[in-house]
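First chain written, first letter: the chains are A, B, C and D, and each begins at residue 1.
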Amino acid sequence: MKQLRNTTKFRVRFSEVDSLRIVWHGNYLKYFEDGRDAWGAEFGMDFIEIYEKHGLLIPLISTNLEYKYPLKYNEIGLIETTFINTRAAKAIFRFEIYDENRTQLKLKGETVQVFMDVNNVLQLNTPTFLEEWKQKHEMV
Amino acid sequence: MKQLRNTTKFRVRFSEVDSLRIVWHGNYLKYFEDGRDAWGAEFGMDFIEIYEKHGLLIPLISTNLEYKYPLKYNEIGLIETTFINTRAAKAIFRFEIYDENRTQLKLKGETVQVFMDVNNVLQLNTPTFLEEWKQKHEMV
Amino acid sequence: MKQLRNTTKFRVRFSEVDSLRIVWHGNYLKYFEDGRDAWGAEFGMDFIEIYEKHGLLIPLISTNLEYKYPLKYNEIGLIETTFINTRAAKAIFRFEIYDENRTQLKLKGETVQVFMDVNNVLQLNTPTFLEEWKQKHEMV
Amino acid sequence: MKQLRNTTKFRVRFSEVDSLRIVWHGNYLKYFEDGRDAWGAEFGMDFIEIYEKHGLLIPLISTNLEYKYPLKYNEIGLIETTFINTRAAKAIFRFEIYDENRTQLKLKGETVQVFMDVNNVLQLNTPTFLEEWKQKHEMV
């Protein structure tokens, strides 16, 4: 099946590193957002537009991270973001963070998001815009 | 003249400390917000209410910080927040951060805020709610 | 079996809230650290002392979070931190975040840490200090 | 006199924006660090090397920021970092942040750093490595 995967890079800031001279574990979720934004830009899914045009918020309901090797100050990380296709009314992304040359997996994780309208009502069916987007990308 | 000053405490988090094992310099602005919130709670100035009731935003236009001695992980800091009275249509706060027992000044700073309506129009005169608040606190 | 559980509170800062006016999802890991620090203070496990006295680092190898309801600016959160006893050479903590009055579960999660010496060698057996601490707390 | 100025760009993250949908004011100091790092890479001043080779820390003793216009989520900012030459034993940097096309000044600020040896003794004279670096760049 078709996999929509984006690869982008980021640099570790001094302020993101803790007293053990490695990235503080919560900051990797910022790099996940870099990955998701770059993925959205590549595959035409704009989360602000989804809100403004379709009136849908996409809150995160769960995340998990597995830490293998730390990143350090000033290092360049490479993040691969993959959209996981599902029949459920969810947006699931898988993330893998590597060193700049993609020789060592540093960390992997996943985020699960759902769709809510502006009255905070959970959408039980996949929203129309997402169905259409999936058809366009040959995912259904 | 009357000085409205609040004193509150905070604890330094692990995630707020950098690789030199001291608070990263930008994080002190979070403690300033702790001070300003505690000051507002003590003297009856609720920034959310000002927005919802009076339609005014209070953006920060400048800040400065002078660092004397660093705070470390798990230390308790004491912050003194003082409202600086001015005829200008501004809200000026002065901050001093000490160790828990107030024996050593660690850092001092200031923030200057202005008043803008919801159309981002700068208010050139002190807003009515602030004039009334000042009268109540014998500042005019 | 005996459960070692700590309860502590925290306040949501303005800087921790995102443009949807709820805590940015990565910031909950800061509250987890508040919980773990308060737990350590209550039950006599000082992570800095473990490093300085026993030469052991306790890196996080995985974490997961399940988001139910968001916290907002200036809200007080209550966090319950529970040490999960295990025969493995790991430190596992479970976290539950509630509103101030503990009427609604907002979020739950878990962190898993391992023990490494200063040469980054993973400890395959539970360190002696932890065995002794467990005996003292009637966990073995 | 010769001015050593670097220009680099950054993107605003979702997690850096506050509930007013603009960058939280303390986060601009992270962009200042992006600017200082890029400046150091361009002009051969590596702050880690200064510590490891010359045993000198370069703590920040003051900073100030003047906010003109805010940056928003996903915007690209352009930051100009200028080294301000001084006879004092200090490292002074001036920062200007613009929109991507450099048509509007969003913010400016300054940081002042001093030199301390590993025993936290303040260096009253400009360190030798810095004098030599200045000569190389025709600043003395």
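Observations on the structure shown:
Basically, a contact is a pair of C-beta atoms (placed from the backbone, for glycine too) under 8 Å apart; a residue touches a chain by one contact, two chains touch by 3 or more.
Just so it is clear, the structure is predicted and the values come from calculations on it, not from any experiment.
Relative to chain C, the chain whose mean Cα position lies farthest away is D. Rounded to a whole number, the gap between the C-alpha centres of chain C and chain D is 35 angstrom.
Taking each chain's centre as the average of its CA atoms, chain A and chain D sit 30 Å apart. Centres computed as Cα averages put chain A at a distance of 25 Å from chain C. Within chain D, contacts with two or more other chains are made by residues 14-15, 20, 26, 29-30, 73. Judged by the touch criterion defined above, the protein chains are all mutually in contact, each touching every other.
Those residues of chain A that touch chain B in the shared complex are 14-15, 17-21, 24, 26, 73.
Across the complex, chain B is touched by residues 11, 13-15, 29-30, 33-34, 37, 48, 73-74 of chain C.
Contact residues on chain B toward chain D in their complex (touch as defined above): 20, 25-27, 29-30, 57, 59-67, 70.
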